[in-house]
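In what comes next, chain A is part of two complexes: it sits with chain B in the first one and with chain C in the second one.
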Partner chain A sequence: MSDVTVAAKRQGPSWLILPGIVWMALFMVVPIAMICYVSFWTQTTFNISSTPTLASWKQFFSSDTYTGALWTTVRIWLIVLATTFIIGYPTALFVGLFVKSKTLSTVLLVVCVIPFWTSFLIRVLAWRPMLGKEGAINIILLKLHIISQPIEVLLFTELSVIIGMSQIYCVFMVGPIAFMLGRIDRNIIEAARDLGAGFGRIFWKIIFPLSLPGVVVGAIFVSVMVLGEFATSGALSGRKVNLLGNIIVTQVGSLKWAMASVTGVILTVFMGMVIAGFLRIVDLKQEL
Partner chain B sequence: MTTQTAIFRIDSVTKSYGGVKALDAVTLEAGVNEYLSLLGPSGSGKTTLLRVIAGFEVPDSGRVFFQGRDITNLPAHERGIGFVFQNFALFPHLTVRQNIAFGMANGAVLVSSEETAHRTQTIIDMVGLTGMEDRGVDQISGGQRQRVALARTLVMQPKLVLLDEPLGALDANLRGRMRNELRAIRERMGVTFLHVTGSETEALAMGDSVVVLDRGRIIQRGAPDDVYSTPASPDVAHFLNRFNLFEGTLSGGTFTGPFGSVVAAKVTRAPRDVYAIRYDRLRVSPLSASATGPALKATYIANEYLGSSVMNFFETADGKVVEVEHHLSLGAPETFEPRQDYLLTWAPEQAIVFGREGK
Partner chain C sequence: MESRVLKPMLAVYVVAFILFLYGPFFVLWILSFQQGPDGGPQFPITEWSTYWYRQIFGLTPPSRIAPLPVGEALVRSLILAFMTMVTSTVLGVMSAQAFRRKFRGSGFVFYLIVLGMMVPGVLTGLGTSLLANNVFEITRHWYTTAFATHVAYTFPFAFLVMLAILNRFDSSVEEAAWSLGVSPWKTFRKVTFPLIFPGVLSAMLFAFTLSFDEFPRSLFAAGGTEDQTLPLAIYGTFSVEIHPNIFAFGVLTTLFSFALLSVYGILMGLSVRRARKLAMQEEIA
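Now for the complex of A and B:
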């Protein structure tokens, strides 16, 4: 091999990263910098100028509408995170660990993904005829004489947003956890049994710690998607539940770029903190 | 061996997977403080046998007894039988010390934390892991992992330890060292070892007695030298990997094979007629030599240097490969010409003859 080809081989990997850098710069670094910059612009009713001002930031933190949206976002995020985990972990445990056949566990995971073959909007809107005052759930409960009056709290409330989001994002929790559980060497579990540990002990001391990277990845997926949500809350709450995402949509819609940018910066910073927090729990570099 | 001194006994245990019998009415027992090695080819059911004793598999029929108690339906974690896995199955997220202490900290029998610490340290010193206590199990070598696996099992003070090809994942050098250590540790602890292996040398070297398993059945059990010198069947001779086996017909005390007819002084009863000669019992002469005993014409192919001996490979007229071992302690090996014909001879009384005529 000549010196030239050796040098070319060494050079190879470093220029391969170039498209990635260009992509990230164009579509991540520049937009984020732009949003930060615009958030300090001066906004008047029909105009926007680049004169720096803190007005939009002050307005955000002094208005109940905006801070309220921030707390609603945090609350719904935590509740959805908890429900997807509570529903998702046992499902993943079944699919990833208790189903012995690899084929069957793959089939079950695909079944979890089937709802994604329909469009996002249809999946969200399908909850309306389910949860409505004269929806499927109320009709069934009335027919079974479990209730005498239709439950009205099911639709166009925070509850319906939580139900909708939990259903849509649950699979993002199941997938990574099932993957981690599937990678656990069955001999390890048998070894723990052989050393005298019952199922509860094995779960808490072996299975759960080994699945934790999957939980963290799943939680990051769910968090990123829920925190940026606006469609589910828009479609299922009848505009009663306003998340930061909804604020951005309305502000952009009324050409209030500065306010939309402030909200965007706050949302991005919060997401960054959430992800950093999750990554502190496990060292993903080691696990994946 | 009586039931009183037997530490465990399995009684006509049968286990099938999808119609295939992995274990076919196997009965086996082992005494207190005994080293039993279980030899069999892959698929012979040896791992299944261990898993049934450990409680990871439930037998289709038959009973399993341990210390005089019927444990057939007892869950694995209540049996108190140690199991060392081929891949060691260490807990990857725990340190060496935490791995070893796991059974005492989480087991069915509660052990105080002082005693746990004491016993853990004692066993760590015993298996030679001092100074490694706080390392992760992915930060230690293969041999050290083997020691952790062993220590983790032995620290529970089981009366019976099942080892599933425990040396299979180690390199040859380490395997030799661990063999000695395994034996020494067992003698010090006074426990019964049931060691499964696919290696005939390991089985012969390690066990007080050797059990040969084939297609879910025990086909021979005995002291290593007995099994080695008097295999009970052509299959055992085959697994020992030390015999040239010739098919033929035995009739009226005379065996007729590719080497002509030879009178068989003693015949071991077997379902088929087979003539077995150990690799190191064959002698090579030039084709012109006159043979007093049985002789077989064969073409020299190649040899293999094994350190203490040389293995010469010959091919007979019907395409069968015959191996001739020459121990170097008996002098320098002869050199043979490739593709040349030679005469292989042996003393007929050193052959083992199997046949339907046997007693």
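Now for the complex of A and C:
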């Protein structure tokens, strides 16, 4: 055996990976396989038995409640993806490209992260006194005489869910985009400017394409989190907006495990398609 | 040049963005000082008071509003976060060590682990509770099933942090130790571990905070009320009427996170300083 392989063996014997593989297989792969399996089980009033049936699948696709939840999930996901991108990109542009001092950009990123030190559920709840009929936004708008009647659609509607999710998840867009923008070689931009390109042209031809991997990573983060959501939609819509996640929670609450599993499988498949789609746009392994 | 116009405009935008991020928190902080026990969770503030803070610590006379059931839940959450932190950091260091050389299927294993931070908690939670109920026929608890799903979620973060640290690691110091006949385990303990310690701290911080705040996995994988973790206790108040005590509690947990991060910052600063000191001693010698 050559010295190199001996050194490599000592550095990291490959059995060290085994506990990690076993843990992930046992507590992630097997549970998801179990969801797929149980989605074909027979549901009785309070129990499930392993007799295979397609009943729950048929029920899902023939009920407006369930297919409606699927479309609501898709709609909210697309809207939140758009809002987090629109809200986040300018911030990322400023932090990643326009701020010259390293300290200031770090400080700005830390400022963006601080809200995450508050519990997720309390962050969601904090929107209620903000958006309500007697909430902060209505009070301020009334004081400024911008409106004469309090806006009531702000809370317990789809809008409040979108506002809440946009705020909670936009930072996941800002981070990756700012990171990619920060890596752009400033000389390229200088060169383009020397050759007479205006900012618009520089942005569309250089800056935006180079930031695209960051956008994709951010979009994956946001998608994964929004698609698995149920707390924000439950707390800010007054149970009016039902996402696939909400369906799973209520079905489990009434011990309808088979239906919860069907919903889980649909969520998994959809999410897989979304992630695969994003990874097609940009080859992440090459970019990072 | 447009940047003379654009930069100030973007700066103003970023200020607005930060206001958007922090707006709800300002409201939360203000309303946590609402008068109690009759003041509601909305404006206007009838009278400034610290009633709701005192209520959390049980310092107020009993009233029609029950105090938050957070005492035991907090202890459970802290223990669970600690267990998760230790387990996922150990797994993370081990796996990242193994990844220092290429092995067959390393690409697949990488994705298997990283998938753990992507799969929504609703799904792993649901699957784990199905397994526990129907295959193993065990009762779900926060320290068994919920703990397993928490680690499956935080271990990928610890793994990625350690991978980033070990990628930049100069292995010549290890080789020096081996050539002097030091055993691999002792080399790891005395040479490698002290050098990667800042990374280990970051991995621990990630795992602890993620587990402490983890909600969907606990909701499905933990059992009944005697298994409530802190996020579950907070969630329980969602369905009933909200009182400012939940806001006061939010402020307190934020302060707790600040304290935790300060401890992390101090430990980090100490380890960096120690590393510098060692380097200087070496130079002198």
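Heads up, the rule we're going with is that the second predicted complex is superposed on the first by the 275 of 288 C-alpha atoms of A that agree within 3 Å, B and C clash if a C-alpha of one lies under 4 Å from a C-alpha of the other, contacts with A are read in each partner's own complex, and residues count from 1 in each chain.
Definition applied: a contact is a pair of C-beta atoms (placed from the backbone, for glycine too) under 8 Å apart; a residue touches a chain by one contact, two chains touch by 3 or more.
The model shown is predicted, which means the values in this text are computed figures rather than measured ones.
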Both complexes share chain A, so when I overlay them there, do chain B and chain C fit or clash? fit
Look at A:190 in the shared chain and tell me whether it touches chain B only, chain C only, both, or neither; answer first, second, both or neither. first
Would you check which partner chain A:210 touches, where first means chain B only, second means chain C only, and both and neither mean what they say? first
Once chain A of both complexes is superposed, is A:17 in touch with chain B (first), chain C (second), both, or neither? second
On the A-aligned overlay, A:123 touches which partner chain: chain B = first, chain C = second, or both, or neither? second
Between chain B and chain C, which one contacts more residues of chain A in the superposed model? C
Is A:115 contacted by the first partner chain B, the second partner chain C, both or neither? second
By the touch definition at the top of the document, which applies to A:198: first (chain B), second (chain C), both, or neither? both
Partner chain in contact with A:61 - chain B first, chain C second, else both or neither: neither
Three-chain overlay, closest Cα atoms of chain B and chain C, distance in Å: 6
So which bits of chain A does chain B touch that chain C touches too? 193, 198
In the complex formed with chain A, which residues of chain B make contact? 54-56, 75-83, 85, 87, 89-93, 102-103, 106-109, 152-153, 156
Which bits of chain C are touching chain A when the two form their complex? 1-3, 6-7, 10-11, 13-14, 17-18, 20-25, 27-28, 31, 41-43, 91-92, 94-95, 97-101, 103, 109, 112-113, 115-116, 118-124, 126-131, 133-135, 148-149, 151-152, 155, 159, 171, 174-175, 178, 184, 187, 209, 213, 215-216, 219-220, 230-231, 234-235, 238, 242, 246-247, 249-250, 253-254, 257-258, 261
Sort out for me which residues of chain A touch chain B in the complex. 185, 187-188, 190-198, 201-202, 205-206, 209-210
Chain C-facing residues of chain A, complex: 7-8, 10-17, 19-21, 23-35, 38, 48, 50, 87, 90-91, 93-95, 98, 108, 111-112, 115, 117-123, 125-130, 132, 134-136, 139, 167, 170-171, 193, 198-200, 220, 224-225, 227-228, 230-231, 234-235, 245, 248-249, 252, 257, 260-261, 264, 267-268, 271, 275
